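Chain lettering (A, B, C and D) follows the sequence in which the chains are written, and residue indices restart at 1 in each chain.
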Amino acid sequence: MSHDVRNRLSALRRAFHRHPEPAWCEFRTTARIVAELERIGVDELIVGRDALASEHRMAVPPSETIHEWRDRAADAGVPTAVLDATADGHTGVVATVHAGDGPSVALRADMDAVSIPESTEPGHRPADEGFRSETDGYMHACGHDAHPAVALGVLEAVVASDFSGTFTVLFQPAEEVAGGGKPLAEGGSVDDVDYLLAFHLGLGYPTGTVVAGATEPLAMAHITATFEGASAHAGKDPSGGTNAMQAMTTAVQNAYGIARHGDGMTRVNFGRVEGGSASNVIAEEVTLDGEVRGGTTALMEYTRAELERVLYAAAELHDCDVVIRRISESISVDSDPTLAGLVADVARDVPAIDTVVPAAPLGASEDATFLMDRVHANGGRSSYLVIGTDHSTSHHTPTFDVDECSLDVAVEVLTDVVSSIGERRP
Amino acid sequence: MSHDVRNRLSALRRAFHRHPEPAWCEFRTTARIVAELERIGVDELIVGRDALASEHRMAVPPSETIHEWRDRAADAGVPTAVLDATADGHTGVVATVHAGDGPSVALRADMDAVSIPESTEPGHRPADEGFRSETDGYMHACGHDAHPAVALGVLEAVVASDFSGTFTVLFQPAEEVAGGGKPLAEGGSVDDVDYLLAFHLGLGYPTGTVVAGATEPLAMAHITATFEGASAHAGKDPSGGTNAMQAMTTAVQNAYGIARHGDGMTRVNFGRVEGGSASNVIAEEVTLDGEVRGGTTALMEYTRAELERVLYAAAELHDCDVVIRRISESISVDSDPTLAGLVADVARDVPAIDTVVPAAPLGASEDATFLMDRVHANGGRSSYLVIGTDHSTSHHTPTFDVDECSLDVAVEVLTDVVSSIGERRP
Amino acid sequence: MSHDVRNRLSALRRAFHRHPEPAWCEFRTTARIVAELERIGVDELIVGRDALASEHRMAVPPSETIHEWRDRAADAGVPTAVLDATADGHTGVVATVHAGDGPSVALRADMDAVSIPESTEPGHRPADEGFRSETDGYMHACGHDAHPAVALGVLEAVVASDFSGTFTVLFQPAEEVAGGGKPLAEGGSVDDVDYLLAFHLGLGYPTGTVVAGATEPLAMAHITATFEGASAHAGKDPSGGTNAMQAMTTAVQNAYGIARHGDGMTRVNFGRVEGGSASNVIAEEVTLDGEVRGGTTALMEYTRAELERVLYAAAELHDCDVVIRRISESISVDSDPTLAGLVADVARDVPAIDTVVPAAPLGASEDATFLMDRVHANGGRSSYLVIGTDHSTSHHTPTFDVDECSLDVAVEVLTDVVSSIGERRP
Amino acid sequence: MSHDVRNRLSALRRAFHRHPEPAWCEFRTTARIVAELERIGVDELIVGRDALASEHRMAVPPSETIHEWRDRAADAGVPTAVLDATADGHTGVVATVHAGDGPSVALRADMDAVSIPESTEPGHRPADEGFRSETDGYMHACGHDAHPAVALGVLEAVVASDFSGTFTVLFQPAEEVAGGGKPLAEGGSVDDVDYLLAFHLGLGYPTGTVVAGATEPLAMAHITATFEGASAHAGKDPSGGTNAMQAMTTAVQNAYGIARHGDGMTRVNFGRVEGGSASNVIAEEVTLDGEVRGGTTALMEYTRAELERVLYAAAELHDCDVVIRRISESISVDSDPTLAGLVADVARDVPAIDTVVPAAPLGASEDATFLMDRVHANGGRSSYLVIGTDHSTSHHTPTFDVDECSLDVAVEVLTDVVSSIGERRP
């Protein structure tokens, strides 16, 4: 790979890194992707709302938040056409090139950031080299700055190759909140796709390693529960209200005690709580923020059903009400073994790759699974690749950074796989 | 009072002491009372079932238990007439004398024992002097042996006096379990009574002290709750059952957390638990035995209603069922201040009394309150007296014993009050 | 009482009402009181820090809050002398007049507001008549605007009378948070006082009623508890952290279950909770805000000791730490019956008083009790008066307002009591 | 295999079936095994105490229980020599034959019954054919009647073969309670063993199937916890005791909430609870019976450590004590893949075997793992075989029964494996 390409990949990734945007607010990111796609030249370019089944979007932030990020993007010069196409939090892009007869192959890349303030410490390369986040409190701490850069690199390489078939790149918004995969799938983007590739950098694997087909992503459901009681003076009239604090604690105590399952792994967590007004007032309202996971979609659904019963009964126990909101969810879908086998074979031939892991549990949740599930349902195949990168610290920490050399490797592996699909048809 | 009377009282109390019988099983006790009443001579003698509204009996033990005690009584020579009248746990006696015009006065005495093994230690007078319980595991540890002796003494004295009016003595079964007061009240025994006196020896007051009118007996409700789940192997199939153990613990944790009440004292307790089969099996059934109390009947009812909601919701929370049984209850009724005033006046004139407490909280539960409530409802007056006795140890302990000198005092005070009612009509 | 006086009282109360200041931030209020005292003329005037044992102050807000209110006061023209004397939240005033031989009498009035936004609705007199709170979010919703007006009225009347003795008025800060009574007592203000009068308007009693001596104020302790665990990813590493959320819920569940006490009333409440970061992260820190109360100081202390054990053990149970902060507390002290008797006698002679309640439970907490306790300890007497006022709605609601006619009544009753103490020496 | 052998196996299994004996009480079973061994003829015969490291025995029942079963055995004619060797619950047998040079091979069979009353229903073969349990309440409901019959069959066949080496059969007591494996291992029985075979019939596999090497047996620890508080009258003195009931419920609620682990499966269960005395008494003592399991020994130990912290802190939270007893435990050891490979190869050559599963998770706990661990520590190999049998209903149910045809199959497979080890030396 030429130095030019390598430099362009790094530059692009750093551009994304400097302007992190959270789920459903990737206006500036979308605009930059569109600009690159126009430069490369594609046959179809669907931006924003037209790519998404709007009603299937999950974990959409409040309008004010969306407008705030939109205004910021507008101030930064994002073209009106993009702002219009992505209005009200409909970010994302689907780009397609038609290159003659052949299979329909798709590549999915996510693009949202997380609400972690980026480190300013010396030794943190983005800080040292001047491409640290320019938006306080937000950061690309999971590699979703590198993902669209890689995907654009693959597209450019495929266009320049003799690949015969259809190639689509899906730039998916809102992966961090498990909100964007489903509306993209429901929007029909992959309905004609024969082979879908999704990928993630890092996840503990070093530069030079590839996991050809990840398995057992954790199915996940994110919910909030608001307990509603009635306040009263705790000294004079302790029985005059109904106690949302007690209802909440009964729920949490019993939620963690939901029975483990003989079929595999389950998880329950409440990670955030807030409510009540003052020490001497029976708490009127308390809100919990939590999630369940399962080794399979069924195990997640078992745990969520148990959790919802616990929440309703805990409210009833304290004569309160509870409002449960299903914020978002993702399902568990394994990579197709045949396609994963082709990926492994291809990867072994890439000089920069020293280790190929045929299959390994993902150990995390992913909403690319909605796209994979759709492709499988239509008779296609999909594989979720992990492409190693030497990362400084754990994902989702203020000093996370990727090894930019791995961007080239990722482009090379993915391009070779796409080409190979055209030839070998696994 | 003559030595003869004093000796007769002691002898009678010791006879009751030697043969303690628990609630609804006081067959031998009933027979002895009947024999004494026949010796004294009364105008009306109602034994057992005819004195009780059978369907209002509470905390009736299983048939086998009743039959066991009945057989024991039959073996001890209890006459068939008494056994017939008291069949199936309908113990108790109501005796009435008509002595011309005048008010209708009633005296209530309870007669059941408790399931505490009596001490055999030297220094425990019943053991030392040969009148210790002859039935293992049961004991008169609350003075209900002295109560019928005193009541018989009062009756004999009233008969011998120039009292003009009607005098009834109610020998009530099943006070310890709060089971006998209500059926006696519902049976109509006190429907024509103008003045009702109930009494208890001891309760921390020494010989020579009288509380003229106790107030604020605790309303009480005794319940059991059986949680029913489904068993499963805890290792292989932890989610295969529904866990009665967890349901029980959720209930207990939250029951003790029922809101205190601004209007006064409430209590909750679960004093006994049992259930499940083995360490590696999800518990299928667990039973709790508990109670609630309140400073007023309404406070008890508030707490019971809260408790029942907690129990049902705790079962629901763990997908179990719960069967709640209301074993028994007692209400809270205060002594009538006017009658208590007369009692106090009379007591001050009794030489053996050195301290008269006009009114004091009872601090315990009593089902004589059902009789008091009925009398008040019909326009009559009632008072609950506490007649002091130097007692060795706390009520309901294996070394409890009363000062037999206090029996004479009790007879004298109560007889004087009965006489005085005839004269003064408070 | 002249129309002039009546008008002056209302005007003064309305001035305080327009500028509510919370606990330890009563800079402007202090300045206005000082100005009035200088107008009236007193022999000793102690402002702020010199009146308080600084280290005994409780529930002091953060420095930034204090500085914000101080700056606001400075902007409103509060003299530098007052700002200096009250620096760093040392508000309050003690004023004394020496009028020859005779007893030392003191009157205590509190002066802080609460953080409730005042109603703007028609029918709410302060809104209708233009003296509504001028500081958003704060309001005199408990009558502590009227209290210093009344106290100043009494002082002026006593000065004008032939009272012989020493008369001190204590303008106490921070009553709402139970923070100011103790440092004022520990500061020595009442060490030479023979008779202390404290008072409150309203509390459900109408204009024309006086409670001569309140009893059984609830002892209270306000605490916060911060559970400190360690975060971890709830999906990948559920056992990798220590869960402050679970520790908190174990604490709350068991705190409400602290055993009721045979000696009287107890209360426990957690009215506010906040903590954790996100649904998929084991919560690292959760903070509770709560209180305990008791019918006596001992009962409050019993409950607080139990609560602290529960909090520490709940943290231990989940391998977390907990930091407990004792924010403030108040004790329970009854009015002296002799002094209350004198108050009742005097009040019966005041024409505007139609009902005198000799004694009644206060049913609330009060930190004037620290001053009362100090006076009693030195052999003096104290009484806590409730002076009725027709109030629109409950204390601590956005539409609370007092009947200004009751201000004159309060001044008259209190002045007559002070005079009477000089004459009768109860 | 001859009809004679087949009949002898069935007859022997039925003899064991008629006389089920629980853990550490297998006196009659031991005697019958000894008699069979004497018939066959072995070189070394170690009975009872000499085979066991007595202090490592776990889950030993009370002396009265042991004596009761011993007396029953004596009445049935068990020889004094066996009774002496097995005194005080030291059951079990180790038999060895020396057949020239060659490897040391051992076979382990367990022999205890469970406390389940056997079905009397028609269709339950043991009932229909007259070999139902003759001891009420106990039953061979897990196949441990067939296991010693099979082991004796293998021994007889090996003796009759040209096997060259040392062959030991371990008849292990107390497997059901995870009590006998460790003392047998610590007693040195397998210290010189090169190849250890353990086996179980059934476990859901039909006749004709063999699992060559089971993996991932669940590590397990069985504990009891007794909470000790102090009783008090729940009505009069609710704070006078310390509440073992509340301590227990806090423990259970939080035990089920012990964090799941990222490394694999964990389990917690409390399957039995009992305590307290009466509804109106604060519970003085409550005992829990429970267990933890883990997919690995480390995961079990993680969970047990968490559980013990929960138990101690729950006691502390309610000012109670807790006594934790470690009743028994088993560890997790995988079959050696090499030996399992040899087993699979041999099994494929057995005509009666139609399905060979090379390796599969055991899904249950086993204390043969202590013996396997010891062999591995000394450089040897072990494999745990599951030999299918068509079983009527689940293990540990009243109608469990094995297909007696599978006994022959088991003998054949195991004998062939033993012979093969001599030849092939895996």
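The rule is simple: a contact is a pair of C-beta atoms (placed from the backbone, for glycine too) under 8 Å apart; a residue touches a chain by one contact, two chains touch by 3 or more.
All values reported here derive from a predicted model rather than from experimental measurement.
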Check: interface with higher C-beta contact count, B-C vs A-C, is A-C
If you take the mean of the Cα atoms for each chain, which one ends up farthest from chain B?
A
Whole-Å gap between the CA centroids of chain B and chain C:
49
Roughly how far is chain A from chain B, going centre to centre by Cα mean, in whole Å?
70
Please compute the C-alpha centroid of chain A, do the same for chain C, then give the distance between them in whole Å.
53
What positions in chain B touch 2 or more of the other chains?
236, 238, 246, 250, 253-254, 256-257, 259-260, 267
Touching residues of chain D toward chain B in the complex: what are they?
218, 220, 222-224, 234-236, 238, 243, 245-246, 248-250, 252-253, 256, 267, 269-283, 286, 289-291, 293, 327, 363-365, 396
Taking the complex as given, what residues does chain B use to touch chain A?
236-240, 243, 246, 250, 253-254, 257, 259-262, 302, 309-310, 313-314, 316-319
Contact residues on chain C for chain B in the complex?
253-254, 256-257, 259-260, 265-267
